[in-house]
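The following pair of complexes shares a single chain, chain A, combined with chain B in the former and chain C in the latter.
Moving on, here comes the complex of A and B:
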């Protein structure tokens, strides 16, 4: 009875995931991120406490649950990382190249300040209801571009995001795949990133999630904080509206 | 305001907004092209030409998850069927044991993969095949007893080889990669995977 066995394997994986919830190392990233947020940094020696994530300068509480959004000062729709880069350049005086380098850490070898900042800011939206607006025309446009990107098939394997995330109840090997075209699937997936990945010993941001999906799609490398990354984030964040954000989470 | 009225006023509102501000489909398409160009960079074997769509990829992307119309499906299946190249020696079945290895192998073509390293078909990611392998995905149908259920005749062999070579020839906008058409597997590998499905001795048919 291979199917029965496979089902019990899936159950065991679910138990393993439940056991992981008790004590999440993501807290280490959150604490480091909070310190970085408050530290005077960069050539101008300014802290992020002057950085406006959309709810006013320095307001972190609940900010992530409303991102991405249009920022008039930049005349651009930004996700959290894009906005942090903007603040690093405009407020703290970093060069754009310096602000963009090292977006993802790799265990103990290389720590990423960006991922720590993302852990801290997102943790301050835990419990906040996802509420991403499409009220500005550029927000609407970004959402539609994200939808286009989601269905874009390319590369040697003809893969799009939708190839794996377009139907309910599918899996790759034994890994369940969220259907990101439906509200429930998008809510469950989007509100549980960032996550501490046990298999990698790393806190992973949503930007990383997208980067690594495209790697597996056999696409060229998704550029960190690029328009396509923001557009897809907009598409998925908006589709997740209505439920409480619940991350940083912990995942296999 | 009742439900119908609010729907009508919503529709009017969206038309008004549509005229004033919302981007047109042409605008979105132009911006999508610019977005693609600025958002990816070549990394190792994954060069930017992977973002240039052929007709099949472009047509299927435009559907945004909906099934193709009869006409579009016929067009896609025809151009892909015409492009199938069957082996010159006429033999379609290789070694099912190698086929099983290829079906298990998930590496190949990612920018993180060694370009000189193995390239697999990763069949088990999406399909059930040999019953001994319990870790299989469900994006595609179960292929357990593929040959046993359909018979081992020449026509079925040709269908199986063609489907692996170019899935779009038989099911327009299928999720399955075109393993021969897109140069993922070589001819011997295609024969080996066909044997995994079609050899009576293969565990798939036990």
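Moving on, here comes the complex of A and C:
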């Protein structure tokens, strides 16, 4: 009865998530992120309230459900993190190296401002319908690049993203893996990141999810806010179009 | 100083339901770091809640409580607009007090 066993595991994990839904510690990151968003920061002492996430300067509500997108001022397709880095450099006067520092937190000693900001901005898109456009040629190009990367096999294990995420019913240990080649799988996966990972006691962003998938595949390190990371995000975000965004979530 | 708590207090029927999220590492003292050195214990030791200066909850906690703990409890006698004040003190003597209004 391997199928029945797998199914009951999925159900039990779903129950576990439901039990933890009330009182998701992600709210602590959201609160810290909101304070950081409004705070005057950096050498120029400017808050993020001048930062344009695509819907106008300072508009946060619903912005994440439309990212990644092409930004004319930067002449580049950007996801949320890439855009926040851009605002930190152009608006707040940080050096690029400082803006890219510490993207993922680790405990009390090394809290990540980036993850807190991501938690806040994404929480303001909860309930917004995913609507990522491919209207600009560069957006289309980014999507195609992401698609190519998703199926590209490489590394010491000859792995591709599609190796784990290309079929229904695959698992790592007891954790079911979403099939990201189908609309339903992509929607369910993309709209539930960022998430508070109970096993790590940390809020994790989608950039982190990709970074850790690269590590698990034994690929070279995925550089934070690189075009490669934006391309994969673009591919998955676009495939998730049509359903409501529902994060920060909570995961095992 | 520690980051703020997130407190919600709602009147449900004749009792007040309080939900608190606390920001704390809650180190057990059992874990070791990458060098094999024990990470010293550091956890919330006591939690108290008052409503209109009257104690409605007083708890002693140990290292078995999770990181970033979530506490939910009910008490009778609160009214809309009353203030619920939560205080925790940890094993280093650090403390944090936050409040919420019953809705």
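As a convention for this text, the second predicted complex is superposed on the first by the 241 of 252 C-alpha atoms of A that agree within 3 Å, B and C clash if a C-alpha of one lies under 4 Å from a C-alpha of the other, contacts with A are read in each partner's own complex, and residues count from 1 in each chain.
Keep this in mind: contacts are C-beta pairs under 8 Å (C-beta built on N, C-alpha and C of every residue); 3 or more make two chains touch, one makes a residue touch a chain.
The shown structure was predicted, so the numbers you read here are calculated from the model rather than taken from an experiment.
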item	value
Clash or fit (per the criteria above) of chain B with chain C on chain A	fit
Partner chain(s) touched by A:23 [first = chain B, second = chain C, both, neither]	second
Touched partner set for A:43, first chain B, second chain C, both or neither	neither
Chain B, chain C and vertex chain A (Cα centres) - angle in steps of 10°	120
First (chain B), second (chain C), both or neither touched by A:222	first
Partner chain in contact with A:160 - chain B first, chain C second, else both or neither	first
Of chain B and chain C, the chain that contacts the larger number of chain A residues	B
After superposition on chain A, the shortest CA separation from chain B to chain C (Å)	12
Doubly contacted residues of chain A, that is, touched by chain B and again by chain C	none
Complex interface listing, chain C residues touching chain A	3-4, 6, 19, 21, 23, 25, 66-68, 70, 72
Residue ranges of chain A in contact with chain C within the complex	22-23, 25, 27-28, 31-32, 107-108, 198, 201
Residue numbers on chain B that touch chain A, as the complex places them	21-23, 27-29, 31-32, 34-36, 38-43, 46-48, 50-53, 56-57, 60-61, 63-65, 109-112, 124-126, 128, 131, 134-139, 168, 175, 177-178, 182-184
Of all residues in chain A, those that touch chain B in their complex	2, 5-6, 9, 137, 140-141, 144-145, 147-149, 151-160, 162-164, 166-167, 169-175, 177, 181, 214-216, 218-223, 226-229, 231
